[in-house]
Amino acid sequence: MKNSGLRHILEARQFTPEFMEKIFAEASSLREEVENGNYHGLFKTARELENRGMFILFYEPSTRTRFSFSDAAQRLGMRVTSTEDAKIFSSVAKGETLEDTIQVLCEYYPDVIVLRHHETGAAMRAAKVSSVPIINAGDGIGEHPTQALLDIYTIQQCLGRIDDINIMMIGDLLNGRTVRSLAYLLAKYKGVKIIFCSPKELGMNQDIISYLQRKEIKVEVLDYFLQDIEDVDVIYQTRIQKERGSEIDDELEKKFALVPEKVKKLNQNAIIMHPLPRNNEISTEIDFNPRARYFRQAGNGMFIRMALLKWMLSPL
Amino acid sequence: MKNSGLRHILEARQFTPEFMEKIFAEASSLREEVENGNYHGLFKTARELENRGMFILFYEPSTRTRFSFSDAAQRLGMRVTSTEDAKIFSSVAKGETLEDTIQVLCEYYPDVIVLRHHETGAAMRAAKVSSVPIINAGDGIGEHPTQALLDIYTIQQCLGRIDDINIMMIGDLLNGRTVRSLAYLLAKYKGVKIIFCSPKELGMNQDIISYLQRKEIKVEVLDYFLQDIEDVDVIYQTRIQKERGSEIDDELEKKFALVPEKVKKLNQNAIIMHPLPRNNEISTEIDFNPRARYFRQAGNGMFIRMALLKWMLSPL
Amino acid sequence: MKNSGLRHILEARQFTPEFMEKIFAEASSLREEVENGNYHGLFKTARELENRGMFILFYEPSTRTRFSFSDAAQRLGMRVTSTEDAKIFSSVAKGETLEDTIQVLCEYYPDVIVLRHHETGAAMRAAKVSSVPIINAGDGIGEHPTQALLDIYTIQQCLGRIDDINIMMIGDLLNGRTVRSLAYLLAKYKGVKIIFCSPKELGMNQDIISYLQRKEIKVEVLDYFLQDIEDVDVIYQTRIQKERGSEIDDELEKKFALVPEKVKKLNQNAIIMHPLPRNNEISTEIDFNPRARYFRQAGNGMFIRMALLKWMLSPL
């Protein structure tokens, strides 16, 4: 690393439970401030990171992630300059390496670079040559650590705990990077049980299962949608990632979809999560069920990103 | 509607003459401030909407409209995050519905979402699920209400009145959404006469004509360019919308074009408008004629949008 | 010109040595402020151009140039609205001329328009109809004056002088617009010697060579990489512009590449420059050599652009 003192956000595994607890408290305080926002006074945080700048360098489109980073930074008073798709709009077309692009951007003295890239490991490569902190906003089928963080935060926020939960992950566990990252983070907590439900051909990789077992996480692997779900605390539904080659027939897809009759069997306090975007794996009728937390979950992304920025750019 | 108290801007018909009068007065006052801008002092309005945020979600490209919304918001102190073409750059590619996208963006607590979409009725669909005000910045061949407002404002600004005017709308009346919206708004005023001049195959739809007649607007429908134009107060020229399938031969197109010899016949106080962009239907020599107001008309868009934002985001 | 009193930046030739000296001093002072930035106080310059607005209108992608203009403006407190590729995202698709687009944007009262365009001469055409200053950020194979300025500034900054230097320009001298603009600017200084090294088919055009000779600049033209380089002060390496049709075989390309063994022959104070992006014409090992100044050179772009904005928008 060029500067090992930098506070990069590169992979979910780097977060300790203590760190997460701090970030979650900050995120909750930021949410409270925004929800109760008195626009006629000044937000406490509105100028906290004034005179700081963010570059958003996306080689792959993502409106959701880009909007939340951009607004998070501006809410703290930061300057933001952004590209929607650097693969087209850049020197990449002229054969420039990611390393050179990062080194040039660093010469403009940003305070943080948010990078999304189609190649696994890109964020790590960027961090190696960067003189400013890098935030990995998704690299190929690799990591998307701020997404993992907002997932855990949503569980904590809705259930009041992360220890001692039963979580059922459903759908495309093979190509969904969010379920992998979330599993890694859950392994840092106690009394967690994970039930993986997916069509056989889209099952969770053995590397994660072995990792979880070493960490003494209870794991169950099913190739059908579990019917007996009254002890489940969290349903984590995912989309079949057709753009990454996942393929199953419609009949099978329906069997793993969440529909109102399945939701009825959940206990009152259980919550339903989804990293979004969704297709048909959660029917829209469920949106009105109080257990549905996937929109709130997405919204948590902005508060988590604000909290991370405050931590990254505060004095060491 | 999720929240019927929200001040959405969805269709031109929603504006009353009283409302328009208020917005026009505000727009004129904003223009005066900007034109006389003393940059060394602070603009009165520069922080009026500080701590408020706008999301600009465009599924169809439009530099002109996007620039004016973005700058209007920033001039009032707002944060802006924007996408140039969400059809490419977003979860849409992964099959997300407009409704889901809007619900996620709302969770980031913007104060307003500006939406442009290729499907007619999209803005109304967005408003149904949105917890924040939606501005329709054009939906397919449907509405573009802020454009209609700036058109009426330009007439008021240049002629000093909207009642008792003769307006001639020329060109592609079939596929131009601006002429439709403008006709709806003009029907709210008294003593208005509208002359529709277009090739037969691009004529104004009967629904509008019947509507105008019910509202006691005088209507004349011609399939040639009226020569006797000395009583006309407003020439509203439009482009043949080839990208929407409008097709006429070059000879016919020329007959409906505005050229200097036709302009000479106009009275001194008449004005020439065009929603822009233009192709050849107004020759560039006319740009120097004092009657030409189409660039000013476009510029009015920014002031109208500033005035609307102030109204939308002020306390109910 | 619509307004001959406007401070456009259109071509490198417009800069006098006196002007450049002033801009360079300002750029250095801005760099010092940013490098030593105490974020807890307010930057001296952070609100110097508050209430001013920049429109960035790019018809050709360029992340590097766009980011540095956008951040330069925001660092001075300006509003920025930007398009990444107006060729797709705009009324151009509907047949609008550059002149009309500029005239509409001017009606939104920006304080400056930064234009990048694929057609040579576009910036001059824009300036002819604009009521606000235009900055040419590259027009086809024409000019890119702020790039030329940052090149000269880098020489001044690293060597302490521009007079009496030996500079060797290497690579694609036929299609590289930066070497042309730089040569024009160097002709304004004394005691300069330029050595052009390129494959025969990619040699510097005779128009520049004649111009330099008229200005009494010493010129040497070589079709090989000069070995005896101990008197050279500046190596200015360039990329083979394959996208503009430049074509040479790999063997020949290698002969003109800069590799560590060639760098060893340079004197201690010599510097290595490159307009970037690079392909293989400078091997990455050289990045760690203290003579390598190409990343610093790119970074100078932001400070030069800040200094130009301050000059353009200060009272006449």
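All chains are identified by letter, namely A, B and C, in their written order; residue positions are counted from 1 within each chain.
Here, a residue touches a chain if its C-beta (ideal position, glycine included) is under 8 Å from a C-beta of that chain, and two chains touch if they have at least 3 such contacts.
These figures come from a predicted structure and were not determined experimentally.
If you lay the C-alpha trace of subunit A over that of subunit C, the rotation comes to 120 degrees, to the nearest 5. Looking at which positions face the partner, subunit A and subunit B present mostly different ones, since fewer than half of the interface numbers are shared. A straight line joining the Cα centres of subunit A and subunit B is 39 Å long. Looking at subunit A, residues 84 sit in touch with two or more other chains. Listed in rising order, the residues of subunit A touching subunit C in the complex are 50-53, 55, 57, 79, 81, 83-84, 86, 88-91, 93-96, 99-101, 103-110. Partner subunit A is touched in their complex by these residues of subunit C: 34-35, 37, 39, 42-43, 46, 61-64, 66-68, 70-71, 74-75, 80, 84-85, 239, 243, 276-279, 284, 287, 295-296, 298-299, 301-302.
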